[in-house]
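Every chain is named by a letter (A, B, C, D, E and F) in the order it is written, and numbering of its residues begins at 1.
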Amino acid sequence: MTDPTLTATALRADGRRPDALRPVRLTRHYTMHAEGSVLVEFGNTKVLCTASVEEKVPPHQRGSGEGWVTAEYGMLPRATHSRSSREAAKGKQSGRTQEIQRLIGRSLRAVFDLKALGERTLTLDCDVLQADGGTRTAAITGAFVAAQDAVHQLLAEGKITSSPLLHPVAAISVGIVGGVPVLDLDYFEDSGCDTDMNVVMTGAGHYVEVQGTAEGLPFSRAEMNQLLLLAEKGIAELIVLQQAALAGADVI
Amino acid sequence: MTDPTLTATALRADGRRPDALRPVRLTRHYTMHAEGSVLVEFGNTKVLCTASVEEKVPPHQRGSGEGWVTAEYGMLPRATHSRSSREAAKGKQSGRTQEIQRLIGRSLRAVFDLKALGERTLTLDCDVLQADGGTRTAAITGAFVAAQDAVHQLLAEGKITSSPLLHPVAAISVGIVGGVPVLDLDYFEDSGCDTDMNVVMTGAGHYVEVQGTAEGLPFSRAEMNQLLLLAEKGIAELIVLQQAALAGADVI
Amino acid sequence: MTDPTLTATALRADGRRPDALRPVRLTRHYTMHAEGSVLVEFGNTKVLCTASVEEKVPPHQRGSGEGWVTAEYGMLPRATHSRSSREAAKGKQSGRTQEIQRLIGRSLRAVFDLKALGERTLTLDCDVLQADGGTRTAAITGAFVAAQDAVHQLLAEGKITSSPLLHPVAAISVGIVGGVPVLDLDYFEDSGCDTDMNVVMTGAGHYVEVQGTAEGLPFSRAEMNQLLLLAEKGIAELIVLQQAALAGADVI
Amino acid sequence: MTDPTLTATALRADGRRPDALRPVRLTRHYTMHAEGSVLVEFGNTKVLCTASVEEKVPPHQRGSGEGWVTAEYGMLPRATHSRSSREAAKGKQSGRTQEIQRLIGRSLRAVFDLKALGERTLTLDCDVLQADGGTRTAAITGAFVAAQDAVHQLLAEGKITSSPLLHPVAAISVGIVGGVPVLDLDYFEDSGCDTDMNVVMTGAGHYVEVQGTAEGLPFSRAEMNQLLLLAEKGIAELIVLQQAALAGADVI
Amino acid sequence: MTDPTLTATALRADGRRPDALRPVRLTRHYTMHAEGSVLVEFGNTKVLCTASVEEKVPPHQRGSGEGWVTAEYGMLPRATHSRSSREAAKGKQSGRTQEIQRLIGRSLRAVFDLKALGERTLTLDCDVLQADGGTRTAAITGAFVAAQDAVHQLLAEGKITSSPLLHPVAAISVGIVGGVPVLDLDYFEDSGCDTDMNVVMTGAGHYVEVQGTAEGLPFSRAEMNQLLLLAEKGIAELIVLQQAALAGADVI
Amino acid sequence: MTDPTLTATALRADGRRPDALRPVRLTRHYTMHAEGSVLVEFGNTKVLCTASVEEKVPPHQRGSGEGWVTAEYGMLPRATHSRSSREAAKGKQSGRTQEIQRLIGRSLRAVFDLKALGERTLTLDCDVLQADGGTRTAAITGAFVAAQDAVHQLLAEGKITSSPLLHPVAAISVGIVGGVPVLDLDYFEDSGCDTDMNVVMTGAGHYVEVQGTAEGLPFSRAEMNQLLLLAEKGIAELIVLQQAALAGADVI
């Protein structure tokens, strides 16, 4: 890896250092009906994450005394550079959509004690209003904050007596662009990179998900190690931002 | 009709006079990719309207020299008080969704000269971020502004030489609540009203669509006349707000 | 409005006066299984309306003590001039179909006392055997007669003790063709008209639904008033024909 | 087999002899748009068969110089004793529907010279208005008459110069009810029979399709022979009735 | 019929006599999870038949004290000469698939005493791994053996005390190829034959299903008799092979 | 990590060492129609992988001079311990199915030079006949062998002159079971493990995909390193087995 500080200007269109996140903003209470509602922005990527509590569970959990946490993902048709067709009109969700919503669901379940949640369902809807790369990692990062708000409301209402949320969780993408490992790829970087990795970690620094894909050349163990280090750095920063947002402080 | 000024406080939860619109806000350039992108707010109802230009037309217009204008409508699952299921996941759009998007499409086509648009398609995507009654009328009102922005871009790029947009168009709901005709019903009022009417009019004061439904008691000709007068007043105000938004002025 | 009596011959292909209905025929007991079964003909438009009683209600009415009235609409593939594809084979109902069946359902519910119906469902199936314009208005007009027959049977069987049908209901289309307001448009007139309005009224002369659409030029308040007057006249005639059919008299 | 003449009264609710058809009626020109349109009645079973000509062929026949003949089958929801759900609303055709429409299509193709038809498609839509057993055999019998009318029209228009219809074709059901072979089962007989067989034959007395099913006890070769004899008799009668209908004579 | 022994070599590509089956192999316990699992081979046609027992019944049998037997059929995309599209990906089963699985289900139900089965469901999944004609007849023949194995397991577990399987059942295709009736058609013969008949019989020599189709010329009664005789011979041989397989003997 | 040699017997039900693959078998030419057809077995997991060549490409590659490589995945209903419903009958592929087939497609494309393939499509159908954990990794490992056979055939036919297959590719699962990292998990191990990782690597030891999921406790960097080492060992062994199979040697 060449020295990132030297090549930053040339490397990234927005002048970011290779190891820098885009400006991240977490706006709570973005809409009024949901138990948790967060607009998360990673640069120009904007995802509305709502957390909805329903007093019922899917069949596989009925009578178990445990709750369920699940996620759905969508993209507005013109969230993207050219219009993509509406999945509701086509009559089915794409494989990509299903893959992403399954990832979000697993990531959030990994930090939930379903027993402590009780027999109710928390649904995290992550809808992309504007896309510029990293929508799934922004969605996980925002969904955690929305989930936390919903949990606080359950506690305040006395429906649960201790929080079922065991750890913070956040996610970031890393990749190798032009031979250089970079953090938090935008759409342009993502399209041109050789390797793309999405990493989901807890506040305690443990992995929940690692999904690395060679889009061009297969990657080496050394490259993977560099990418994991970068991701660890980015996620640590995101977790600070989540806590700040939850503490009510301004976040830029 | 009793004197609305006397009963206003009792009548409407937000203290509005029977003939008053909710605060309306039209935010242009709300997202960055679409040729037109407007967040329209009628009180707590918030709809994102994007206008997308594509250089192709559906089969029925191919080779005609004419363009096409169409609309799609969606509601985020937690735009509503309790979560509704995601149409993309269910695999089909509800009858209500189809009815609304057909209405939006017809309303905008009514003010477009398809010949002057040339063989291209303008798609208006209206996605409800937060619902509190009147989403279809907000959508039409916002979609006009998004369409106007898209037309300006086509003119600026020299793709067309004169505007295919013949008139402004806007829409409002009116209804009879507790015996009193009121303008711009919110969700609570809409749920309890006897008659609900959606009116779409041009800037020249002509009707594009009138859809009145007796939800409780059938209504008389006199009541319909009162409702049409109210709607005319509301639409005239909305058209002023649209022009102000397009002129770049602040709108509240 | 020019004098319709003078222009009638030139105006309408079948020589009708602008304010004249097509020949209307209501044939009861057209098929043998349904509780009500009526073939309704508005000129060449022929719709089979059956009313089916089922001793169950949809989930939203269970335990409410109230019944439900709903409608479904279909068109045989070759009811139309050129063959249209079969919705069952395509795997979904068009937006037009859903819009029409929702309209029929609302129109009939508007004249039903669901409490008096008891916890049962009345389904009105309106299937177009031959189409020549005005299928939705013929369907509503015929469905009322089928519903009345089904109600009589429930009364005769002692399942209910008083009729849940509060008023007759009928529907007609009106439109402006070549500048002249006309009643009960056939397919050819409907295709060429500037404004098309479907009106649903009760026997007491109150509105249940008004749906006006500018297909060409937006229409003025004065034009709407003319159309509403024409519709009122047509519906009054239809209600007489419905009563005659129910009284067992011949109807032409 | 006991003597059918002795047991007829007891055997069949309508007093028919075991080897008698129900009253058959073939009404041509039943609807006005289709190239062929026939209402076929086998007793209380009523099926509307339309033949539609389209100047295109499915992909597998394109450029072959040959045409195509196909069929679709449907049942109005209240054609049956209790209401069945609408296939268009459910979003798919049942296995039974597909099985029947494939049978109708094969039966008609068996008597068509696709080369002589030219590159066009003849679609036979068979929609059951009222069902009382034997809908598929009535449909085939009526579809032949509709197809013949459509062929006559193609000849009259000079689109083809010789008829592609090689033979008449008709169909009937036979079955063993209470140990006695009977012809043309109504719904009640069909529900209670041990063996049900549908036979499709040409005017020349050759088989196009034989579909026998043991609904209760498996059947012997001797029983099958009896059933085939009965079917042969019934089809010969149906072919006479088809010719009479096509000759314009009254048919009862 | 000409003497089949003389024309055999010329007639059939594999040198079989007209009245000869292809080599048949029934491999039990082919997969490990199912209660019955049989790979059936008719020459190059290979179908995996599994019998699954579930302790529930479909709604129409609930509380009846009776069980249910049903079948599903599928074809791997490259079981055929050129790849056919995957039905799961297309989102629906073809009419052919549904027709075949309904035939398999009826054939097996015909030899089951549903009362003796008790309120449980036996599902026969027949999946074609390699197709060379006769997949449906191989499926029925193999499904019987799988069903028998499942029944033995239910007996061994004491869930039932007497076998609900009343008779063996097997199936074979017969057809007229180049004027000669032949048994057990392979794909090449099937594509070119004039008449194709599938026959399902019990071990007692009674018919369960007979489905004959004229693919080219309609067929005579004499030809049908020849075909039925051939089928009878083939099925008698298949039933011997089934019994041998169930007795554990090697089968070729 | 405790010494795996000591705990092996207790740890794994089949007595395998933690770092041992299950017996792997690759049977080429398993079915006869496909250009490549391989039955791959990882212990009791059995997947049929076929490679089909079609002389066409999807729209996004048309005219590009490049080919396409894609995959579809399915599971026979009774491949699993209890019967799962058939996706073709349900009318859609599950999210899991789509996720897996996208993974297989990406993995194979990563080792293909699409330019050298020419404008044709290679479809890898991976159908699970029997499932016992690791179906996706077995599928990728078998699909490579099937793809290689299809490429050999294209070369033999002179359709391409050099191989578009750049590297071997294989896949294996690793996981942490009871605190011990183990290779190639069977279903029982997979169900109970805390962390599950699927690794896809080339013959040159580079990563194509890494997908790690914490099913129970999030995992540390140290654990991930152990898992990656284990996977590297397993994949090296699989690649030897693939080469042996392709060389025609017996493989156990």
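Assorted remarks:
We adopt the following convention: contacts are C-beta pairs under 8 Å (C-beta built on N, C-alpha and C of every residue); 3 or more make two chains touch, one makes a residue touch a chain.
These numbers come from a predicted model, not from an experiment.
The greatest centre-to-centre gap from subunit A, using C-alpha centroids, is found for D.
Looking at which positions face the partner, subunit A and subunit F present mostly the same ones, since more than half of the interface numbers are shared. Distance between chain centres (mean CA atoms), subunit A to subunit B: 33 Å. In this assembly, the C-alpha centroid of subunit D lies 52 Å from the C-alpha centroid of subunit F. Subunit D and subunit E have Cα centroids separated by 28 Å.
Chain contacts: subunit B has residues 91-92 touching two or more partner chains. Starting at subunit D and stepping first to subunit E, the chains sit round the ring in this order: D, E, F, A, B, C. Across the complex, subunit A is touched by residues 31-34, 37, 44, 46, 48, 50, 52, 54, 72, 74, 76-83, 86-89, 91-93, 97, 123, 125, 127, 129-130 of subunit B.
Looking at the complex, you find that subunit D touches subunit E at residues 92, 95-96, 98-99, 101-102, 106, 110, 167, 197, 201-202, 204-214, 217-221, 224, 228.
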